[in-house]
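Given below, in the form of structure tokens, are the structures.
First subunit A sits with subunit B, and in the next complex the same chain sits with subunit C.
Let's turn to the complex of A and B:
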């Protein structure tokens, strides 16, 4: 039955926008607690060295310094899911981020001065900064905590396969092999990393004002690191100045801050400078992808064989598990009879990666969608036709056992093609100085959570007060993406309460029910369904009373305008009154409901097969560029995005996610790279790390596709990672279309273009 | 050697003791406790710390506090006005157009727009979209992709 929706689907202002636009919102940087100290971390001067001695005596003697810590002062466990990362480094350093000592002082200035007074004697060692060198037999073991089961310097590896590779190879008339090289880029959240730790001597409890996007996992990890009971740690999330995946892992500065607070029994705050943020916060995984793909004479895809070598850096983060997502793209984006996938995260002495919006998928999609263009050219086929021919479809179960109950892949391709007038604008190899080209790429991403933990659920507690105001206590966090607003919209839709009467509490692990965290584009889907569950319980409670008060029956009730009304008589009663009657008269109950939603997705088996998400998002982009053949500069003229969003919940928030994602993707495509050489980060500032600015942005045309997923709230799917995933591939394909040269690495810089043009002309 | 400076902040006269090296952002955030002004880089590259000095948008992380002596400083908090604390039209447009996501860039963005808008109005310029983009170039935003911010600015001039 198609419902008439009153609020869902209507542009709705972000609930917290006023607080943020007026300077009222309290971010991690803005917290001030009584008696608070300022913490700072001494990092190594050399990426690889033996530490011969650390002398902290001068720092300790500085007036205002309250505490100085080195590895010798603490008794803690290593962090990271591989347990290979010491919080404070002892005896040796293995990358330029390494934390050697920490201080807490009465002011930021004194803390900085104290760091400068710590004397460290190093014996510099040679490092290995290239994963292929680290794989060589003679290479030393780079992380001494690593388990060597997968190979000396392999932090983690993944193998996946389906279908008969040999048979499919024999069927192939076109086989394209290519190596792709993907750079190290970083999140550049406008708010740098920050944490405030507050340990109470009397309760022995630790409160952490943390920017984590996965507070419950963070609580568990921190407890393990500090050898505490998780329940004695309370995570409170202030307003978060950007996440994008950077706050999925716990990083050493967080337990360090906790340790400083526990040692001093005073609150301690650590805030990163921008330089520190560039050096010491995570990156997207740099990697080399060796991809071979085949197609038969008609252009039907036959097989994919891929080997990925990832630069893990010195320690392991969740970033090492991005192959979970990458293998989905290789196994299941477009119909594919056979696939073999291997990936290795290799230790080096570089800064280590983390998770970043898209979680490996921008890299995988870049390689795959570039290879499709190469195959089309070799087969002499139209680049759109070959995609449409192989596109995914609703009802498909892929070789990896992903089940596409709804699927807008073909529609997405068709729509961008039509809207961008693809056929007529496709031009190649002009002769003038400025040449235009258009590129296509599509993507597949989880859109209904991702069951990579034993539970992918989210809890909600919803309660009415005696005045008809609704408080939603959701496990799911707001990190700027607008999920609070969507939750309030859902409540208003279901119960007829006005949005102004809905409050969301979602930032305190002592209060909120469990949620796995903000990742995998899951929040609106999972938290939305969880809320719907809680609201349906409340609705039953309210309805029973309203039926009695209005003298009517259940299916006559209309929830609207903060009232419950009888459709037949028009008689209405305010929700607040109904709540009070339930509370103060029979049955003397509170209008409170609790619900835990667990999606119907599957935890994949050891061979990585299974329906890992309850829904899948598809998107395509067509991007037009203009290349200046004299300077090599690429100007992005036009971006068309068609995305299967299932159902539009808040068009205003949705468009914001799409535009923000596309521009982040353009940065990845064209300008961003964290340059590392010999283990040092060479451009740790916005002057040399080029983010897109307002003047760089093209027109972005967004064409949402509503496939109405059966499991999603109102049919909606996850949205927010998708828009940056195909962007870089589409840009590189457009450059190829414009110039007839092929770029196989990111970013697509003017130097690379000029070089390729030069090679082409000789 | 500390020096006493007197200036007006959001219409109120204040006096602060500052060292010659003190930056205005520190006086605003730590000295006066106005934490709406954000430290995004403290290197003059991101614009998150933008405030108005005598009506002109400046990066408060590059501005020496001593130079504020005798001047009028407006921060994000100072744009709220009237008996019911209404938002400035710039702030309202940002809210209405969905131009705020994480919001960390927003204070600086709003102050830059305010400076830009007032300048255009007093010079009687009706900027086009490209000029608006240029006007926003000094403010980085990682969340929104700028489009909605540009739309918000455009709307200010349409109404005018």
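Let's turn to the complex of A and C:
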């Protein structure tokens, strides 16, 4: 059934664009409450040490200081996914982020001065900064709250398998084993971390102005940490200056801020400096991937065997569960008869990782897509051909029981290869200073939510006012990704209200219905479907009244231009008028609807099998680079992205996600790394943390593929993580194509390239 | 970050400010692109005092002046101004290119030439070009006397200059070479991972003067980020003098590159290893003569 769409698919400016660029938007940093205090956190000087004593007397004596807290002053639970993270550290510190004390004072300057007056006596201990060293028998237990079920320094592990590995190995004529090393990178949100806590002495309720991406889970986690009733905590989300997964976990500064407010009964605000942001906000998982893959003589893939060793850092975040996504890529990207997957998150004394756009998939895809190139070379096959031969297809049910009802994998590969002129590219002859090459890579990611919680649903309440304005109260949050705009577009499409007459309320847990949060590229899909449900109820209500007012029947009604019109007579009535009649005339009803949407995906079984998402996104990229063999610098010349987006909802928002994602991927590929040595962060600034600049960004050509998914709103799928996932693999494959040298770690730095060229020439 | 500030408007007021305010808490401020970071990191008991040069109107500080003797650039001339100056474009192209590679447009609008020299970073872009041009520093002291010093003597170490406490850099002077410039050949090669907002991992500034027969008559060459200061590489320059540019082949180019590298004493840090810096310096030095 094809519908003519009027709004969906048309470029629509973000609802908050003007507020954002004019400075009107109120970010977490802009909040000022009456009597507000400023909080600051004293972090350890040494990554690993015993704390012999903490003397806060001088800080307490400083005029303007209202409260100083250490672990001894508070009675709280540990936080984190594994409950292994004390909010304030007692007796010992285990990584350079560790919070030892917190201060609330009447100004930021006084708070900073007070921190400097806290005297801590340390006895420095030796730390372990390499996960392989932490796995050794003689290594001490690094986290005393760890469960130790799986080994004293293993925070979490995953095992998955399908197919007959032995049989497939025997079938393989080509087997490639390779170790891949992935770095620690961080989100670099434009807005640094911030929180304002406001505890009421009289109601005993706590209001938190928090940048969380998952407000309802955050509310639950905070309540557990502070031993409160979740319902006595209200989370209000101000405008958020970038999330990308960094705000999926609750971090210690948030309960610390709450504790300062509860202690002082005054509002308290904590805002990170950029340096603090680099040191104390989460990172992508650094890891080592040992991958073995096989193919038969024709190039058909036979098996994959992978072992992943992740540097968990000192505490365990949601990021430890990234194997959940990585195993999907290893088990199901391209057709694969047998797969065995093991991963271990290993405690170290490094800063700990969190979740980050792509959730393990950029790492997995890097290893996998590099290995495919290596296999093609060994088999003497074309790198495109081997991919097309093994590509996923619509109707496929993979070994992991992912069900690809729609699938643009093959199309994506074919399109980027054609657009980048891959077949007829000029082959580098291996001489000359500047050498060009093209690399290919593809990816698979959830595109219809991810059922990792008892519900992957979202609630919506929609209400019309007497003037025909629609308020949508959505459980789903806007963190900059543009989903609010998509919701308004959907309402405009369905009910003919103009976008300017749509209001979205989505930032207050006291008001909005439940939603699991912003992650897994799920919001437009899940919240969009939820809204469609609510709108259909409203439409029935409005229609019933309009039929009476216009003297016509149901299928004659047209919703357009804020009116409901009879197609036959042309007679129209304003939606506002219809609503007034619903409210003010018999039988006096509210023009309101509520709806809960639960996707038809499955909770996976203990063996991680099951159709975890309602839809799957596929994408391929072809990236052309030019390498300067004098300096090892890689200039990205061209990026072609083909992505199965199901259906384009807002082309402008989509382009933003694609371009932003590719840029993030290019940084991951070429320049970004949070450099740590002996547990210290060596480059906590944009000077030495090399985020790409506008002048480093090439043309990004986007070729959307519309496969019209049966479950997605209008056929759409999640889009937002995909564009960064294959980028690093494609860049490294392009460097290999240009130079004939293989780089197995990220970032692909000029230094690694010169070294590889040098080794090749001797 | 807290600091006090004095803003002299005339050279007289400046000299007085210098005479009255000395000691470890005193700083001079021009475009502040380096100083702000320094002040942020400062952990001193006393509140710093900044003598702010931004409002000085004395053309000796603010202008680019061309005479028969040479070109004088005031310490407060910004990178942005250098780029658009016609006489610099034609006579000191290496400086023009270096200034255009500094930071970003926003930075270039504020960053001064004097600040770039007085910061004495081994990675200073403008410093590298001016060392290649054998610039002389004109230094004003609180008592009003002016002394001149070769830039290579002015830059004494990492973040160390020959300035005394009661002195400011007023201007730099690049004398016109007596030989008739027939033809200039120059470039500023900046190597780093990003194409803007980047501090050089290695830099090479050169300006050659060629006669009508393409014989190199003079070669000014400087290297950055490979030693504690920007360095003038005289031996490699002299090696080129008398040679016809277009006939410098692979062997001579290799020899030249080795001579440039002989002056480098790079270190390894988080941005690159010493090995990489040497390797790249060699490659780009030799690359000058690529056909």
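To be clear about the criterion, the second predicted complex is superposed on the first by the 759 of 762 C-alpha atoms of A that agree within 3 Å, B and C clash if a C-alpha of one lies under 4 Å from a C-alpha of the other, contacts with A are read in each partner's own complex, and residues count from 1 in each chain.
Convention: a contact is a pair of C-beta atoms (placed from the backbone, for glycine too) under 8 Å apart; a residue touches a chain by one contact, two chains touch by 3 or more.
Please read all numbers here as calculations on a predicted model, not as lab measurements.
Chemist: In the overlay, answer first, second, both or neither for which of subunit B and subunit C A:661 touches.
Modeler: The answer is first: A:661 touches subunit B but not subunit C.
Chemist: If we overlay the two complexes on their shared chain A, which of subunit B and subunit C does A:36 touch? Say first, second, both or neither.
Modeler: neither
Chemist: Which touches a greater number of subunit A residues, subunit B or subunit C?
Modeler: If we count touched residues of subunit A for both partners, the winner is B.
Chemist: Taking the superposition as given, does A:433 touch the first partner, subunit B, the second, subunit C, both, or neither?
Modeler: The answer is second: A:433 touches subunit C but not subunit B.
Chemist: Kindly classify A:645 by the partners it touches after superposition: subunit B alone (first), subunit C alone (second), both, or neither?
Modeler: A:645 contacts neither subunit B nor subunit C.
Chemist: Which holds for A:749: it touches subunit B only (first), subunit C only (second), both, or neither?
Modeler: Touch status of A:749: second partner only.
Chemist: For A:670, select first, second, both or neither according to whether it touches subunit B, subunit C, the two together, or no partner.
Modeler: Second partner only, subunit C.
Chemist: Kindly classify A:623 by the partners it touches after superposition: subunit B alone (first), subunit C alone (second), both, or neither?
Modeler: After superposition on chain A, A:623 lies in contact with neither partner.
Chemist: Figure out whether A:683 sits in contact with subunit B (first) or subunit C (second), or with both, or with neither.
Modeler: Only subunit C; A:683 stays clear of subunit B.
Chemist: Of the two partner chains, subunit B (first) and subunit C (second), which one does A:631 touch, if any: first, second, both, or neither?
Modeler: second
Chemist: Considering each complex separately, which residues of subunit A are in contact with subunit B in the first and with subunit C in the second?
Modeler: 686-687, 692-695
Chemist: Quick one: in the complex, what on subunit A touches subunit C?
Modeler: Against subunit C, the touching part of subunit A is residues 109, 433, 629-633, 670-671, 675, 682-683, 686-688, 690, 692-696, 749-751, 754, 758.
Chemist: Taking the touch rule as given, give the residues of subunit A at its contact with subunit B in the complex, in rising order.
Modeler: Residues in contact with subunit B: 11, 13-14, 16-27, 29-30, 32, 187-192, 239-244, 271, 273-274, 479-482, 652-653, 655-656, 659-664, 685-687, 691-695, 697, 700.
Chemist: Could you list, by residue number, the parts of subunit C that touch subunit A in their complex?
Modeler: By the definition above, subunit C touches subunit A via 2, 104, 191, 193-197, 199, 270-273, 276, 279-280, 283-284, 287, 290.
Chemist: Under the touch definition given earlier, write down the residues of subunit B that touch subunit A in their complex.
Modeler: Per the stated touch rule, the residues are 33-43, 45-46, 48, 75-77, 79-80, 87, 91, 94-96, 98-107, 110, 130, 132-134, 136-137, 139-150.
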